[in-house]
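Each in structure tokens, the structures are laid out below.
The following pair of complexes shares a single chain, subunit A, combined with subunit B in the former and subunit C in the latter.
And now, the complex of A and B:
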């Protein structure tokens, strides 16, 4: 931001989000992604730039600032990358340089030739527009004036996509859950919640929810699912293995999907996935596309990359113990791609092995490091 | 199934019991009618929509079961008027939607209510023990077995052979209602089963010509020997064997609380071994906290790390050995133990951490166990106070046990040595007994 001379207002909204991320007042991948997008929209609309590089640099600077505030909230960085990707795409279309886009896209392929919304809008919109001029000394604002409306439109598309992400993921829920199946899930995940509820419109099935200590998010999940009329069983985490022999499918939420097809997810997911593997039960992950993260996690076998409040595990009511005992409360597990069967995203269903391809299409390589 | 609870309803004072019971029976009948109507409607709908054959077949038994159950319920309502014990209002309301649960979970049964009825001539010691069992005041395979045998000693001492009977033939008929009472309080553990089988053998083998008091003393002596040989001495031998596997600098991981693992760790500490312990724990019982208390109250305290089961993947990489206890060990080598044990063993195997199962030979069972689902037990609801209330769509299940496959266990430490879990079946013979 230092290179950006103007608008203290921009600075202010960025700093506001940074502090909220840092204080963990803003948690949850989708919420963080939405807030990031709002900030980026503001930044783009205020930014003064006479060529594409300036604009990209401004956004990258903002992105870096946000990511540093909370490096574990991967959806922030992902949103920035996605916006950058769209900006470049728009720029290429506007400057009428043909985009070197591969004709084969796995997302399009999986979605059976549905054209991506934003590309069609852009093409039709950019027809009538005046040619884009960069670094024009006579008219320094011409770049922004021409490109800005298109960019705002593109950001709005990303925004719409985020808004409808749950609906798009749960669109095909009934193809994945069949009648009289027993599904195991754990923790709270809005994505899984809407997926299961969508399937409940068509199918009669049972959900076993592991309560996921110490946050006990599973209890909220069980309440929510049972209030939607789904037959729900709430069990402690310890009984996952005992019940796994009767479970038809394990459905998990993700915190971040990694480039190798693995994922970070609520702690407890690895146990459930490993238990599922020993009974050959399929493991299905529901996640929005904004969770795709161009990161690799080859060297951290253990997923404890972030730790929560230990008092949830061993409270202060155990007075004398607290002094003598180390208490560990990791937030996330790293689940290896071999343990997962499919990712259900709003860009279609993908096996872990094709995640890298999806990443290449969604983001530009140069943005992997913001 | 409605189980009339002994807690009397608060409203029982103002209205005569008979009218109240009648009212209740009426209400029940109405409820049943509505439910049957609803079920029939549902069936019709499903038939109309022409679901698969699986769908219709699954609803049919439900429909046919309803009228039979209503008969049963009206029976109990009528009988409760005779018994003058008003079924608690809370009980009735929780009974209403109970039939919803999946049938595959039905064999778990309901968690026992603590104050179950006393039928027949039950010795006060056994009544007390039954309460301690059902309240989980005495919990754990060893503790329950020792408590049962000690109580039986009192029962045998207080027993008087009726005229025209012999002790060896009649004592068992006196003991069996006592056993039934204990089983009603909580399902019998394998250890209790094995001990009682041994006791039966001793009773039937006792000399007819012996004076009654001598015979009783002899039996009590046999019981003492059993406790000493099969549990106490066995534990000491296992401690000696297992302690050798803990080396200086090791990180020992254990799950929940096994009395035997606790003794092993304390013994290793008293032998001045430098090691640290990771205690993994989980609801519903959270027994690991008890283990933490005893491990940290030593001087100097054993360095401990405590975490709940979901955190296990982060900790298993740091541990050098896993020590586990068992409820029972089955002929196919599978281990029936506290729920969660199986996942600890599974993850340890994946990370090639050796898993040592500590288990006395009297915990062996000749039955085969294929998964932890067929046979299990539910923890009473008092162990999940914070959980949401169950309703027609939501049920809370707290299974107490699971079954670990033999492939996840590196070695079983018994008093006859370290053996692989698959050779369990050869051990009773090694001990010179044809039966356990």
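And now, the complex of A and C:
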């Protein structure tokens, strides 16, 4: 397969992304998801396959490669799973197999408020396209020719979804934040940032930002919020607990949402969530759908917290100490589902206990292990 | 895949405006890792289970380098093969790696640079690194900075990357470091002084010229020199021009900074973030391994972007165990913090591994203790063995109950034991041609072997005299401890005592303390007081006073100086006779100075002397004499300031010294007046000279010369009186009396002049 020039070109863009992921030159869940999608689009458009299994295998192979390169950037694997899900869906539609869309989609239930009778549009294949032929020895390209435009469309849908993820999440911001509330947040998260800014159009409220050592992402966050005209306080992490009694709501970003309803988030999140629990302050998590990760046992793994270099905590120039002290600097905290109250996603608002359902609808079970 | 991927890559490269090139000197040019490096180049030694060269490639890839030339000298075939099979030569790596085989006669980095020049490899600014670099510094940003500097000033030829670390950092080499003098604003490197562990140095001298030009300088002794240099194309050609440059730091940097002719500038980039260090000796091998395991090199860590592509699981306490599930750790075995264990390795019951790296396919026997050691792949450690702070090569077999003390190096394929005891700092390698199976190597490799083994032969020949019990099954030969050769040069970095600072496990505390003490008590009693810590005492040479101590005795230096003076006289005579321009004469003098390596003050003396001798003595003196003096001074006087530094005070001193022993004593006053008129000396300079102890003839034996000296000074006193009178007159009309007002009454205050000695 590697012999033909097209897949060599594929190989190159895949390798390019792989090395950027490995070297951490590409950081941020959304950026990684977008890049992955671009690569997959390229791969699908150039892939030669005469049946669905071949195509799925090609995509899975690329996905595996990308995930191996950076197992801690979950959005990469999630995007691959999402694309696979869409491809299968389109394939089922095209091949006129009975559409087995579950009539009780939890996402739809949440978004539309009530279970509606599914208006399943049973698209008949004869409408506009030629019938889908698989493994046709006379015309091996027919499968690709027929399905490809549909697939590209499907990928474009995922793409659009990613593009609009912030808007969709912050759509309901005003329902979550009320006037004169005091909100606590930490770290820098584009999702939380746009959520808070969207709410500021309707409500007048105060944000307390913890500065989130050692990355000090909170400082940027506070700057960005106050420039948007929101009354903002920047506080050291140590005062989170002391301030918690006055806080009405904790809003956090997530790095990855796990199948059990727990999440990985910037280190410091566990501190805030635990403090919130002791005051029974609600903890709200804002995250895009691409952070939904169909893995549930990651928190057993020590390495999953992603340890950075110690220099942010202890300077390398402290020659004597470097020898004697082991410094660990995890990027993320694992926050247990019991500490969280609600996830606000672009698929609607969900309690941690129903995340598994959402995952089942978003991805296909067979892709959980790529 | 070869041709196709190449064309694709070239197309890719063409799109970029400029390809960032890097040159790796993949040879160490020293033997610090012997005997591990007898059959393998140093850059292929594994550190944390990946060859050093791969770490270097990864470091460069991280910085966005697109084309890498690997200059290899020893075992080039192995390096070439390694590069060919590595993931870097696969399509899509985005990097083009070209191995360059250089001649065996390349004995120093300087030779390698000359080779780069002759081959014309580099086309633009390039990154020069050593083949043993581990770094995560964003070199591309340094390159950008370098290019910006180049735009402003074409003379900036190099940027050295240094990392702040503190003087006593484990990764900072005590044996081979340096003091940098930097301009704090531009971070231009003004002076570079290498420092060795032995002989220890307590003094760093900064040339005075630097202090004149730069009001602020930073003197730093806390840098790790990572040997990452951003070089312009001129650098290899400078090596070509100066064929005696061997080392990039000691010779090239030092040479460029001290040269008056080149007028090139070198900058430093002080890396605040990021990590960079070189595995330049076994000691730094240990500390860099530890740095990697404690994640200072992030994102270049075993569980993320491991250069050899292994996948490790990161467990609590920075333990890294290979992820593929082939590692077998017995239930009762202990793996301590900061350990790395490669795939397919088996650790038996009750074995302990403490802060160590164990390669792939190793076997650790029951109850063995491995403490702070580095074991390459395929090695077997028998039951009950104890290994402390040592480096064990690959496929070594250590039989049961063997004890290996700290600092030992064991080469590939050695068998030791059973029940042997290797004393601290022992070095073992396998006997050559011990089995018939070694005979079937092909020719190309045999070449390498021959070359590498010249030392080994010697060691083997000396085996009879060494009686160490290495166990019944051993196939090892023992390398002698580094004893200082008689003819060894103490100033060489590779001297035996200095080497001790580079050894793993050797604190060299006996050297560091006892010698520093004895040295300072022998030479300068006061220096031992104020440098209890590693701080450097900076001594400023008072070169004004050096003009006096020309010894009458004919020491070798004096002879050389005498020769130099002669040369200067001849050269100036030629210039006078052929009426050269002042510029040409100055260039000639500079060259002379470089050739005979004399301080600037000597040149000044010689020039002043020659000019004074040029003045014809006209009988009767008076106006014609004055005219003659003025004529000569106005024609040749500017030369005094062109020889590489302006120092009018010294000029007058030199004039005084010369006149006091010459027949032109009487002309002194008139010459000074002429110098004053041609603006070569200012009024304040005359005053300063007058105050200085030199003008009193300090240190001269009483006699005619001293008397003449005094006479000259008296002339000076009279001139200053005149100045004062003038000042008083002019003070009323124009307001330029500042000079007069703060110095007006010190002409006869001899007591104050002694204190001023240091201020110049």
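Keep this in mind: the second predicted complex is superposed on the first by the 341 of 370 C-alpha atoms of A that agree within 3 Å, B and C clash if a C-alpha of one lies under 4 Å from a C-alpha of the other, contacts with A are read in each partner's own complex, and residues count from 1 in each chain.
Here is the rule we go by: a residue touches a chain if its C-beta (ideal position, glycine included) is under 8 Å from a C-beta of that chain, and two chains touch if they have at least 3 such contacts.
Because the structure is predicted, anything quoted here is derived from the model rather than measured.
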| item | value |
| --- | --- |
| Subunit C versus subunit B on the shared subunit A, clash or fit after superposition | fit |
| Contacts of A:38 with subunit B and subunit C, given as first, second, both or neither | neither |
| Which superposed partner A:295 touches (first subunit B, second subunit C, both, neither) | neither |
| Which superposed partner A:311 touches (first subunit B, second subunit C, both, neither) | second |
| Of subunit C and subunit B, partner touching more subunit A residues | B |
| Touching partner for A:61 - first (subunit B), second (subunit C), both, neither | neither |
| Subunit B versus subunit C as contact partner of A:12, first or second or both or neither | second |
| Which superposed partner A:342 touches (first subunit B, second subunit C, both, neither) | neither |
| Partner chain(s) touched by A:327 [first = subunit B, second = subunit C, both, neither] | both |
| Which superposed partner A:23 touches (first subunit B, second subunit C, both, neither) | second |
| Subunit B versus subunit C as contact partner of A:275, first or second or both or neither | first |
| Subunit C versus subunit B - closest C-alpha approach in the superposed model, Å | 9 |
| Where subunit A meets both subunit C and subunit B, residue numbers | 301-303, 318, 320, 326-329 |
| Subunit A residues within the subunit C interface of the complex | 2, 5, 8-9, 11-16, 19, 22-25, 68, 70, 72, 301-303, 307-311, 316-320, 322-323, 326-329 |
| Parts of subunit B lying in touch with subunit A, wherever the complex brings them together | 51-52, 54-55, 58, 100-102, 104-105, 282-284, 289, 292-293, 296, 301, 303-315, 317, 338-340, 342-343, 346-347, 350-351, 371-373, 376, 384, 386-388, 391, 393-399, 401-403, 405 |
| Subunit C residues within the subunit A interface of the complex | 1, 4-5, 8, 12, 58, 61-62, 90-94, 163-170, 172, 222, 273, 275, 294-299, 301, 303-305, 311, 313-318, 337-338 |
| Parts of subunit A lying in touch with subunit B, wherever the complex brings them together | 179-180, 182, 204, 206, 211-214, 216, 219, 222-223, 225-227, 229-243, 245-246, 266-268, 270-271, 274-275, 278, 301-304, 313-314, 318, 320-321, 324-330, 333-334 |
